[in-house]
Structures are given as C-alpha cells and as structure tokens.
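Chain nomenclature is as follows: A, B, C, D and E, assigned in order of appearance, with residue numbering initiated at 1 for each chain independently.
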Amino acid sequence: MIILITGLLLIIIGFWAMLTRKNLIRIIIGFAVMDTGINIVLVAIGYVKGKTAPIIDKAVTMAQGAEAGIQAVDKVVDPVPSALVLTAIVIGLAVTALMLAYAIRMYKTGNSLDIDDFEEQKW
Amino acid sequence: MSLVTKLIWTFISLGIVTIWGLTLTGIVAKIFARVQGRLGPPVWQPFIDIIKNNAKRTAVSHGIMFYLGPVFRIAGGIGTYMFIPAIYGSLYFSNFSVSGDVFLVMYFIFFGQLGMALGAGEGGHPYSAIGVARGLAQMTAFEVPFALSVISLAVQYHTLNITEIVAAQQGGILSWTLFTNPLAVIAAMIAMLGMNMYNPFSVVIAPQETPIGPPTEYSASFLGMLATNRGIFNAAKMVLFMNLYFGGATNLVEMIVKTFCIYFFSVFIGVAFPRFKTEDAIRFFLKVPTLVGILAIAVFLI
Amino acid sequence: MIKYILIFLVLIGMAWLFFPLVVEFFTPDITNNLAANYVFGSAADLNMPNAVTAVVVTYRGLDTLGEVTVLFLATAGVGFFLKRKKHMEGIRRPGSEILKTGSEILAPLIIIFGIYIFTHGHLTPGGGFPGGVVMASAFLLLLMANENFGFSHGIINLTETISGIGYVLIGITGLVLLGLNHFLDPRWLGLGQWGRLFSAGAVPLIYSFIGLKVGAEMSGLLDSLQSDGGEQ
Amino acid sequence: MAENILIIVLSTISLIAAVFAVVTKKTINAIISSGVVSLMASITFLLVAAPDVAMTEAAIGSGLTTVVFLYALKHVRGQRSSRDD
Amino acid sequence: MVNPLYLIAVFLIGAFLVPFVDRADRRLSLGVMYFSLLYTASLSLMRLWQLFFTNGNETQVFTAGFQPPLSIALSFGFKEALLTFLVNLTGFLSGVYLAKKLGKSGVQSISILLLLMLGANGLILTRDIFNGFVFLEILSIATYALIGLKSKKNALAAGFKYMMAGGLASALLLIGIAFAYRYSGTLNLDTWGRLLIPMTLGYKIALFMIIMAFVIELKPFPANGWALDVYQSAHSGVSSLIASVHTGAVLYFFYKLLPLMPYEFLPLLAGTGLVSFLLSNLTALRQKNAARLLGYSSTAQTGLLMFVLTGLYRYNVHPSLVLFIAGGLFFTNFIAKSGLFWLAGIIKEKTTEKWSILRKQPLLLVLFGVFILALTGLPPFPAFFAKWEIIQILAQQGGWVALTAILLGSLLEAAYLLRWFGLAVRQNSDEPETASLPYLKLIPPLIGTILLFALSLFMGSQLYVLSEFMYFPLLALLVFSILDCCPLKLKGLLLVAAIGLWGWFSVWPRLMGIGQLFGLVLIGGALVQVFGFLHHKGREAGLIPLLAMLIFSLGNLLTASTKLDFFLTWEFMTLSSYLLIMRGKSSHKAALSYILFSLGGAYLILTGLSLMPPFSPGMAFYLQSGFHSIGLVSTILLGIGFLIKTGALGVHVWLPDAYAEAENEFTSVLSSVLSKAGVFGLLLVLVMAKDVLAANNLLLDALSWLGVFTAFFGALMAVFQEDVKKLLAYSSMSQLGYIILGFALMSHLGWVSGLYLTFTHLFFKALIFMAIAGVILRTGTRNMYEMGGLIKKMPISYISVLMGIIAVSGVPPLSGFGSKWFIYTSLIEQGHYFQAGLAFFASAIAFLYLYRLIHTVFLGQPKPSQQNVKEAPFWLIIPQAIFIMVIMGISLFPNYITKPISSAVSIFIEKPDWLSWTGYNITLNSPVLHGNWNGNLVMLVTMGVFGFPLLWLLLINARTQKVKQFNIVFAAERPYKPWTTHFAHNMFAHYNKALGWLITPRITAFWNGVTEWSHSLAAAFSHIYTGNGQTYLLHIFMYILVIFIVGGIR
C-alpha cells in the first residue's frame, strides 16, 4: 500500500516537473521520475503478502520440475508484473535516451534548452 | 359567321375605332390648348398629320429593327383591340376576343411597346433609350395596381373573360364595377393615368428635355404609323377600361360616350397637376394605388 | 499565473483520479490464476526455476523481442540524431592513471560477470538485460579511461546484427520444428536437468543473445552519446 | 514490521529526492537525485520479492539512465542560462 | 495459413540486417528495406487470398506453444490482413517516396522505418494488451525518430512535443494496464472479454486510463497541438506515414479494446470523436499552411472514425456494418491523406495560396483532385458510401445531434479542401514553369490513386446492389478521358451520338409521364447545347469527359430506382457540374460557393432520403414516389435541399457568381438544364409529401411565397446588373421562382404551369445564353455598356435574343405567354390573389432587364472597338436555330406541349373536368374562375396584324434612305470616363432610387456573416495552439480530467 502510494506520488511529481520546468533536460528528468513511479506501482501490484520471489530455489522447495511447480505455486508472488516491469524499464530507458538525443539536437539547432524558445509553429 | 365576314367586320370595327381614337386625340389637344389659353390645333389635326407624314417621300431608316419598330407598335395597338370585344352582345364587334381573356390583352399591350422600344433602340439616339427606360420603369409600377384591380375583378366575377365580365355588369348603372367594386376601379383609374402618360406621369415623353422620347428618330411614314397607332391604342385601352369597369357598351354611341368620359378623366388630371420624376412616379404607384388594389382584393377575402 | 493555477488544479485532479485506485487497493493473500499457471508451468513445462524468466523469455517472449527492438530502435535513433561526422572525434579528457590501469584489470572481469548474469537468467535473478548492461558498463569504463579508445563499430554492429537475427531465428526455429503456434518456443532443445545451466531448452541461448544484443546496443548508445553529436 | 519501516524510510527518501530533483536549481543535482529515486526503488523491489526487477532497475534505471543523462548534460554544457539553473 | 509472425520476423531481420549490410553498400540496405516491405505486403495479400478462396476459419496464432492467456496470441483474420496489406503497401510507397532522403540520412533511418512498420503490424495483429503496449512504443519511438529526419528546428521542436504527449499517453496506458491486470488477472483481450468483472470504480478508472491513452494517441481536438506541429514540420513522407500507418494501427487497436470498455464509456468516446471532427474542421478553415491543413483534416477524420466505432453501437447497428462504415472512411482517408502529404512534398510550397503552380502539371492536378474529392466524401469513393450509411442510421434512429455535427463538419471540411483545390486550379496565376518533376516521388501517389479507385469499385460493386447504369457516368468519364486527345469536334459529335443512342434506346423506354418530360428537358436540352461547346479551337482538355459525366448523371437521375441510386447520381451531377464551373477563367471563388451550397443541399437531401422508406430497385424513382408518403421532417429537408439547387431566394447566393464565372456555354447548361434537376427533385418531394402537405397548409403557402419572392427579387436584382451574364443569372432565378410558385399550388393547373415553364424556360434561356455566349466570345467583355449596335454585326444572335426575350417576358404570341397565363389562372383559381399580384409585378419588372439586355448589347451606338466583330461561330448557332424552331413550333401549336403535360400531371393530380381543350383553345370553366387561351389563334391574329402594317410600310416606303447608326441628331463631348455617361450604364438609376432599397444584399450579407463568423470562431479556436509543448501537455491533462468529469465516471 505504501509502495503504491509512493509510486503514484512519484508519478504526480513527474507530472509536476513536466508541466513546470522550462529546461528540456529537467522535463526529461520529470519523465524519468514518472517512469520510476510507474515501475513501483507495477511491482506493488504484483506483490502478494508474505510470499517470496518467483524463483524456485532451495528456499522454496527442494523438489524439481513439475513437482516443484506445484509446491511453489502457493509460495511465490505474481511473476507477471515483474516481467512487465522489466519491459517497462527498458522502454523507459529507450524513450529517455531518445528524448535526450532530441534535446541535444534542439540545443544544437536552436541554441537553447528552454522549451519556451520552441514555439514558432502555432495556430 | 364565315371567316371572310368576320374579317370584314373586324376591319369596320377597326376603322371606327381608329377614327374615334384620332378624333379623341385631337379633342384632347384642343382642350389642353384652351386650358393653357391658346387657340390650339383643329380637332382633325391628327388626321392631317398622318396623311402628311405618309405622303413624305424620304424616310430615314437605321436598320431592320428600326424599320420594324412602328410595325410592332401598330400591330400591338391593333392586336390589343382585336382581343377585346368592343360592343357587348354584338357579334360583329366582338373582334377576335375568343382568343383569350383579359390577361392576353394585358400582355399584348406590351407587344407594341416592346417592339417600339427595340426599333427606337436601333435608332441609336440616347433620348430614345432614356425615354424607353423611363417608360418601362413607370410601366412596371402602374401595372401593379392595375393587375391587382383585374385580379379583384376575377375574384368578384369568377371569370377572366372580358365578355363575361361585361355580362355580369348588365342590368343598370348600379351593377357596373364602378359601384360594385369601387376600390378596384380607383386603383385601375389611377393606373390608367400612368398608362396614358399625361401629367403627372408624362416624364416618359418629356417634351422639354428629351424631345418626344422614344420616337425621336422617326419621321415620315414611320411617324405616321406611330400617330395612327396612338389613336387606335388609346381607344383600345379605353374600350378595355369601359368593359372592365363601366359596364361595357351595347351600342356604338354608348361606347363613344363612355370612352370619352374615361379618357377625359386622365386629361382632366393631366391638366391640373405638374409632372412627377420617374422615381417619384414609381413610388407613387406603389403606395396608395397599390394599397387600394390590395384592399380591393382583401374585401372579397373577408 | 492562470497557468500555474491550472497546473496546480491538474495535479490535484490527477491525484483525485488516482485516488480510487488506492482506496480499492489491497495486498492479496493468494496469487491469481494466471500467475499460478505461470509458476507451475515454468517448472513443469519448461523445467525452469525462475518463473519471471519463463514469463519474460518464453510465455511473453514476443514482448521481450519487442523490448529488445525498442532498445535497438533507441540506439538507432540516438545514433541517427547524434551522427558522428567523419574525422570529427570529440576530444576527450584523458582519464587518470589509476582509472586506466584499474579499468584494464576490471573490464574483462565485468564482462565475464555480465556473461554470467545472462547465462544464468533462467536459474537466478537477473538475465539478459542486467547482464547486457553490466557488459556495457565495462565498455563505459574503458571509454572513460582511455581517450583514444576507439571501439570498433564493426564489432558492435556485427554483434548486434548476429544476436538480433539469431534471436529471431531461434524463434522461427520453434515455428519450423514445432508448428504454427510455437514461435519462440524453447522446447525444441532438450529441457535438460533441473537447475543446470544447460536446461530449460533454448532459454539460456535466447538470454545470451538478448544479453549480447543489449550489451552491444547499450555500448552503441553510450558511444553515440559521448560523441560530439555532429555539426554545430 | 521492520520491513515496513524500511519501506517507509525508503519511500520517504525517494519522495524527497524526487521533489528535490524538481525544485533544485542545478541540473546535475536533479540528475543525481533522480538516480537516487531509482536506487531507492530498486531496493524497495528487493523487499517486495522482485529481485529480477531490482537488478534491472539498479542497472538500467539508476545506473545507465544517470550516465546517459550525464553524457547529455556534457553536450549541452555552456548553454545559455536557462530559467531553472 | 500464413503465419503472422513472419511479418514480424521479416521486419526484425530486415531491421537488424540493415546496419550490417550497409557497410557494403547503401543501395543494398535500401534493397533489404524494399524487399521486407514488399514481402510483408505480399504475405498479407496471400492471407487475403487464403481467406477468400480457401478455408479461413482459423485466425489466431499463439506464441511459444502455449494457449493464451499464458502466451501472446496474434490474430490474422480478414480485417488484419487487409489492414496490414494496406499498411505495408503504404510503407513500401513511403519508402519509395523517401528513397532519396533515406539514402542520404544514414542507415539508422532505414532501420527505423522498418521498425515503424513492425510496430504498426504488431499493433494490428496482437491480441494481448501489454504486447500492444510494446508495439505501440515501437511504433511511437520509430515515429519520434523519423520526425527528426528533417533536421530543422521546427521539426525537432515538434518531435519533442510529440514525445512529451506520447510519453504521457504511454504512462497512462501502463498504469491502466497494471491496475486492470489487478482486476482481471489476464492480459489477453479474448480471455478478458469473456470475463465478467464487477465494475468497481477502480477498475473503471483503470480502463479509462487505458482508453484515454489511445484517445490521446489519436490526436483529438483540442489535445492535439503537438500532432499539428508534427504534421506541419515533419518531412511530408513522414507526415503521410503518421497520418495513415500510425493512425491506422492505433485506431485498430483502439477498436480492439472497445469490447472491454464499460457501456457508459462509449457515448463519451463517441462524443469526443464528434467534437474533434467538428471543431478540427472548423479550426482548419483559417489555415493557410498546406501541411498543417492536412493535419487538421487528419485529426478530424480520426475523430469521425472514433465516433463511428464507438457511437453507432447504440443504434443496434450490426458490427459488420459499423466496420464497413469505418472501413470506407478509413481507407479513403488513409490513401487520400497520405497521397496529399506526398503531393505536398512534391509541390514544396508551404501555403495553399501557392499551389496554383499545379495548373501547369496536369498529372499532379488530377491526382490532387482525386484525393481532395475523395476526402470530401463525393462518390464514387468509399467515404461516400460510408457517409451514406452513417446518415441512414442516424436519421432513422434519431441521432440528430450527431447527424448535424457530422454533416456540418463534413461541410466545413469540404469548404477548406475545395477552397484549396480551387486555388490550385485557378487560372490567373503567373508562376513560372516549374522544374521537371521528381518522377520517383510521383509513383506513390499514382499507385495510391489506383488503389483508391479499386477500393471504390470494390465497395460499390460488392456491397450494394446498384443498377448497372449507375456506372455510366463514370464509364463515360473514363472513355472520354481516354479519347481526350482527339480533336474537340470529333469528341463532341461522339458524345452527341452516344447520348442520343443511350437516351433513345435506354432511357426513354424506361420513362413515362413526367419522367419523359424531364427526359426531354434534361437529356434533350443538354444534348442540343453540346453543339455550342464545339466552337472552341483547342482540344479543351477535360471538357467533354466532364460534360459526358454530367449528362449521363442527369439521365440516371430520372431512371434511378433506389434512394442510393438517386443520391449517388445527384452527387455525380454536383461533382461534374462543379468541375465544369471550375473551368471558367476566374471561377474558383464562385465554384467554391456553388459546391458548398450544393453539398449543403445534398446533405439535407441525404438526411431527408434517409428518413424515407426504402425504394425497390428496378422501377424508376419518380414512378415509385407516387406510392410513398414521407413525413414532415423529410419533406422539409428534401425540399430545402432541392430548392438550393434551383437557387431559391435565401439560398441563391451561389447562383449569380457561378453563372457568371462559368464558361459561357456551360452557363447556358447550368441555367436551362441543371436547375431543372432541382425542379425535378422538388416535384418528387411534392408527390411524396402530399399527405403531409395536406395536413400542413402553411408549408405550401410558405413555398408559394418563397417562389413568388424569388421571382420578384430575382427580377429586381437582374435590373441593376451591368454584367450580362449576371443579369441572365438573376433572370433564371426569377423564372425558377415562377416554377416553384406553380408547383407550390399543388393543383393540376399549377403543376401544368410549372412544367410548362420548365420547358419554355429551357428553350428561351438556352437560346439567350447561347447567343450571349457568342457575343461575349466575339467582344471579349461581359459588361453590357461596353457593347452596342451589334445587330448589324451579329444579326442571327440578335434574332435569337429577340425571340428569347419575347418568350421570357411572356408577351404574346410566343410560348412565354402560355406560362404566364397558366400561372395567373392557376394562382387565382387557387385563391392566391396576392401572390398573383406580386408575380405580375415581377413579370413587369422583367421588361426592364430584358430591354436593357437586348438594347444595350445589340442596339444603340456601335463601339469603335467592335468594328470588326463577326457573327457567332456556326457551332453556337446550331443550338440557337434548334431552339428558335422549337419556340416557334410550340407557339403555333401549343397543344403539342400542353396536352402531354396535362396528361403526365394527371397521374399524380387528376385533371379537373373544368379544364378542357377544344382544338387549340384551352378553356377553364372552374366554378371560381373562367378563362381561355387559344395560342394558335393568337399567333395567327398577331401575324395578321403584324403583316398588314408591314405591307403598308413596304408599299409606301419604296425609297427608304438607309443611314449609318451614327447619323443622328446628337452630339456631345467624350468625357474622361465614357461609360459613366453611357445611357446604358446604370440604366435604371431612377428605378434604383425608387426600389433599390429592396435589393440591399441582406441575404448575401447574411451568408457572408456566416462565413466571417465561422472564420472568427476558427481563429478563436486555433489560438489554443500556443506552440508551447508544456501547454499542450496541460491541454492533454485537462482534456482527460474534463472527460472524466463530464463522463460522470466517478
């Protein structure tokens, strides 16, 4: 629960940064914070009270193969959100990197990092 | 009645009406002169003019349309008369009124005017065009009360057929439209003032600034034809008014008296009033007479 | 000013939007059906202890393929934006002597550690992504230490291409060997013995390709980023 | 219980770091603190039984992302003064 | 079955391979790209083939050998196959288009393009929501990267704004997916759809966030500023990809998500779509930048599609029909929009004003026209059928708000698109010859056009039972376009022959009664006038094909047997006439107002038709109409729609300019023939609305007053025109007013008068227009005061005009009087006395303008500059001669026309006993009115009274002295501005003084006000697009919250 709230708060802080910061890099940091928040939310959703990680090692059961699976089912948390988060993290990185590349290009062509300097097209 | 007899009687009727029409013109000219304190031309002056004009040797023509203009004009005059039954109950004086009803007559009046306007147009004289423009403009305006009045008659008598309209007015002076539908008569009579183009609606001919208006360029036999038409056409119009509003005529004398009286009405007004400008004339016709015309219809709707 | 009020309102509004999610949230005691199936299946069908890996590499392998692609895309995109002009290498500050020496010793170790992480992805936490990143960090270290460290683009490209195509081909192998519905099915290779490195079918192979690819991509990304970024 | 307290502490740190990342004047501080947020998150992940995620988050989220940011910052150094700096 | 995974694998391998092979040669990597795109397109095509010709029941494929929901499933059914085919083909075309740019920009861009296609394909294929998210990210990131292909500041800024919006959307999506997974326990769409999950608030919010993420990606108004910037500044090839591929894929996934959404979301989404459609189109009105304009149009179309997918469910529409509609709209937009973006890239001119250089490039112009017309929703393009179906559904089920919004939006869209088209086509441009075309770049739009036509044919032929002759107009267009390189005269004669044969053997036998009469007017009238067009010296490219299309559609209008047939034909007619008007020298503004009013009218007609019960195919529409009875709403809508075509007062604004600016000969067709199509429609309405009208007397009264006011004001406005064609245009309007007046009486006599006037108006108006066409051709001016005395130079034209004006004015003995007589008698007979009075006034006013026309042009003083004017060319004389003969014929023997009309009318309104023919005498013996008219006798008497004086004159004027026109008793100086003293300049100034106040252009001012107002509104709306990325982000947030609150989800 706490984790979930933390995640959502991080997301909103990310929104805040996106909406108020003028520096392109700071806006991107806002996105990064938001991404982290989302990841936290995702993991929080997968958590099951008192269960261990979905890795069937000796701590979970000594059994092997199918039997291990039957025994482990009740003892581990949901692996799906973890899998999703893995993907989300990587995608987050990809987007962040691309945005930064954009910011750099914009800086080179427009000689500014201020988002207010990039509003030539409108209406 | 064979076609030949019909044609012969038509010619007789036409002859009478021409002579009467020209005489009427003469009388009016005389009256005008007397009112203005002049001696004036003799009553038969129009006949003299026509003969003189036709006898002229040289005529100037600006082209075919110019040549045809007077023909159109007189054809319009004669045609108008042809489509009106002159004397009620007389087979011989009914002309070709079976061709159509009062609308035919109203539209045929335009025939001559249009042709004349075109002929004058080819003359190339600006005065002609100005005169025509004024005449047409005024015409559109006075046609409105007249049309309303005719519609009122159609409502009243349930017919457009002139003969039937006259028939409905038989039986004493009180069954004339003049008394059964006075509003329509008022509207129509005011419209007639415009039609006859005497003062106050004489700006079309405008003797002062555009010498005699449309026929400016015409001379010789053309002018003669136009003058002839003036007689026929005026008489035809008077006959029409007589038929529509004053009980028609059962014999020639009645016809002559009635048409004279009707014509005299417009002359009387013409002598008494100054001239309107075109736009004033238009405004005038579209105000009171039109309103009267509308009322004339409205009384039948209530 | 109005804008700031609006922003404030919007943030409050978003919190308000999220609020019911929090209110209705509770930490459950049991996993749901799908999760149970995954955990069971990873052991039973795939002979793989790490259920997360089973989900990532096999059950939802297509996602991971996409994920690798996203990374590839980002690298390509960054490379595209920060295109290196020929002969316009940026001048880097040389690293300190200690860093240089240290990096020479550490880099191979880090690379080996990275390889370990992704090859054991089906057994222990970790896998291709962290492994790849660890490998890339070795590259980063070298990059920081040596001013003239010219990493051969040929090698990066080759690694990327081979591992990428290899990944796809493994997927297609499943399709060819096992049938229509078996894209990315690792079971065409023997499932092996529980808990061993060479078990769980082609999973270690796949994760290796992923690791290599991620490593190469991250390296490429860093390489592009540290370059001067083209004309000014 | 201890776990919960730890989680609360971690959450608090990450929230503070996040707010700092937004309000700080210097971009470099913001980058570092956003890395801290990620790091706290990855520790939290360890606590809620998601070691795979924790590793990835640590490596990518807090590690690589920060490096990428720093490299980007290097490119735009000498920028015209921006309002947030 | 073709495994969809091959699509994905091919793209992936291609993308991974490209950087490697690029080391060898750039061309090699381009080759890999083309191969991948073509191969995947052919895979999709193969799949389509399979689905059609072999068993195609199984559509789902799983990965990793497990059943969903464990694994990810992909679906590859008909929809997916078609969509991926289109997407991949477009991808290939874009690749061709971008070849040069990609070759220069580096190997990464090639990979990125391939991955963009991968994302789109994956998004279309996948049945897993998270997998969808991954593919969406691939698609989006690839798009972001490609926007940077143009390394300009604006493009980069736009790309960054796009990334901000896209990043926000993905964040929402991810949060939504996480929470939704929490409730559903699955990510597979099919499994999910079968679950019954209690709709708690949290679940709803999760779903809301998921769907809103896609809504944002679909760029709804007003949260779409970033998208517009992108469209404007990105490379046109990339913009085209975004508008087609990106939007298409996202939309399809949006569609896949809909079954998961709670019922209450759907109207909300429909509403957002509708708002987006309407307001985007409104805002676009002010846009001058071509690419941005396309952006607005694209967002609008997406909005409409959103509405169709989400809004139609509530009308119990079969899902396949919804798909059909969406498909029609989608494919049209898909191809046309990408085509336009491609063209925009080829033209390289930013503002729409500059597009007039297209005139010099006929091929480009045709392509441009096809795309624009397809987007406007004109037939035969798929969007037409889609719109037809939408309106059918909405009208029948009472979705009036949606219907109004869609039609209004469509009209606005047509306004700016066609304005653009007009700018491109207009002739008075002096741009230099452009350099040679980039032929490689021309391939994609060319193939797009072919595809568009193929799809149109497919939709039209496979899904509707259209009568085969419905295709004749298109066929004619095609055949004569092929023949277009032949000499004009040959083409024209071929056309006459073709229409003659077709009319006689095909159309005529299928007609009866009123149909035959209108057949004579529409086909016969047009046919005769074709000759007039043949006098031109050049080839007149495009003229004959369009004319053929027009005349064939006029014929089809009569034989159309279903509602769709009728409307399709109506639109064909509108389209061809619009293009013909565009041929005028500076007609683009006039044509625009023509097509806008026409389309507005067509939309009303469409709505009205939709409310009517179905008509059975095979039996001509007008015959069936007698047995149908339609409701009040339908009556009014159809009535107004057809009245627009006739140019009734209030909606006449288009008429004078369109008539004046069209080519002279075509003006004649417009006035004499085309307006009769509106009359025909009006007649149909009156037939079908008999019951309604009987119950609502007010309606007929209103119609009759409208008719008489049209007649009156038309005449009055004609009086004050200096431009001869405008004068005649207003005159036409006036005459059509009489026709309307006649029909409004709903009596036998009234209809006879209307139909009689329909005929005579054709004869005399075509006659005058053809003659005036010759005059304008010879004198080179339309201002009457610049002409004069032409009677000597052009006597035949003069005779034509003379005949014409006598007939128009209604002066006996010519046929015009018949119409007057019929109209007055029928009016009085029905008790419409005041209308009769006003009509009389109007017909008196007609004398003014008619005199002005004939006098100023043909009489009076000849102009020195027109000394060498010759008679009109032979080809123009032909129709005049024919019409003169016809007029004389029916004047002498009116029975040949009055009797058939009366018997045709008696099918619908029985002939009263009191109306009878004795010989040539038409007698009216109604209890309320007696009257008679003997046209034959009048003619004979007139000839007689005309003949005698003429004879007399000829006799006594043996020696008439012929003088020149200048030989008059008049002299004056030549002032500085000669025309101001010309008596014919401002000829009826006194009339203007008296009655001018009646014609102050209030109605024009009203319509101008409408235009002005909508433009200001557009400006106001467009100002929300401040260009600031953060503001756009704020818009998105506010948009989401507003929808959340408005939707009452919480």
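What we mean here is this: a contact is a pair of C-beta atoms (placed from the backbone, for glycine too) under 8 Å apart; a residue touches a chain by one contact, two chains touch by 3 or more.
Just so it is clear, the model here is predicted, and its values are computed rather than measured.
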Chains shared as neighbours by subunit A and subunit E?
C
Path length in steps (a step moves to a chain that is touched) from subunit B to subunit D:
3
Quickly list, by label, the chains bordering both subunit A and subunit B.
E
Chain nearest the global centroid, as defined over all protein CA atoms shown:
E
So using the touch definition from the top, which pair is joined by more C-beta contacts, A-D or B-E?
B-E
Taking each chain's centre as the mean of its C-alpha atoms, give the chain farthest from subunit C.
B
Report the chain whose CA-based centre is farthest from the CA-based centre of subunit A.
B
How many angstrom between the C-alpha centroids of subunit C and subunit B?
107
Compute the distance, rounded to whole Å, between the mean C-alpha positions of subunit A and subunit C.
14
Taking each chain's centre as its mean C-alpha position, how far apart are subunit C and subunit D in Å?
20
Whole-Å gap between the CA centroids of subunit C and subunit E:
55
I need the residues of subunit E touching at least two other chains; which ones are they?
130, 134, 137, 141, 144-145, 148, 179, 182, 1034, 1037
Interface hub residues of subunit A, defined as touching at least two other chains
5, 11, 14-16, 19-20, 35, 46-47, 51, 53-55, 76-77, 80-82, 86-87, 89-91, 93-95, 97-98, 100-105
Once the touch criterion is applied, which pairs of chains come out as touching?
A-C, A-D, A-E, B-E, C-D, C-E
In their shared complex, subunit B is touched by residues of subunit E numbered 789, 791-792, 795, 798, 802, 805-806, 809-812, 817, 820-821, 824-825, 828, 833-834, 836-837, 840-841, 844-845, 847-848, 851-852, 854-855, 858-861, 921, 924, 927-934, 937-938, 941-942, 945-946, 948-950, 952-953, 956-957, 959-970, 983-984, 987-988, 990-991, 993-995
Residue positions on subunit B within touch of subunit E in the complex are 54, 57-65, 67-68, 70-72, 74-75, 78-79, 82-83, 96, 98-101, 103-104, 107-108, 110-111, 114, 117-118, 121-127, 129-130, 132-134, 136-137, 139-141, 143-144, 147-148, 151-152, 154-155, 158-161, 164, 216-217, 220-222, 225, 277-280, 282-283, 286, 293-294, 297, 301
Which part of subunit D faces subunit C closely enough to touch in the complex?
50-56, 58-60, 63-64, 67-68, 71-72, 74-75
In the complex of these two chains, what residues of subunit A are touching subunit D?
2-3, 5-6, 9-10, 13-14, 16-17, 20-23, 25-26, 28-30, 32-33, 35-36, 39-40, 43-44, 46-47, 51-55, 76-77, 81-82, 85-86, 89-90, 92-93, 96-97, 100-101, 103-104, 107, 111-114
Applying the document's contact rule, which stretches of subunit E touch subunit A when the two form their complex?
130, 134, 137, 141, 144-145, 148, 151-154, 156-161, 163-164, 167-168, 170-171, 174-175, 177-179, 181-182, 187, 225, 228-229, 232-233, 286-287, 292, 1019, 1022-1023, 1025-1030, 1033-1034, 1037
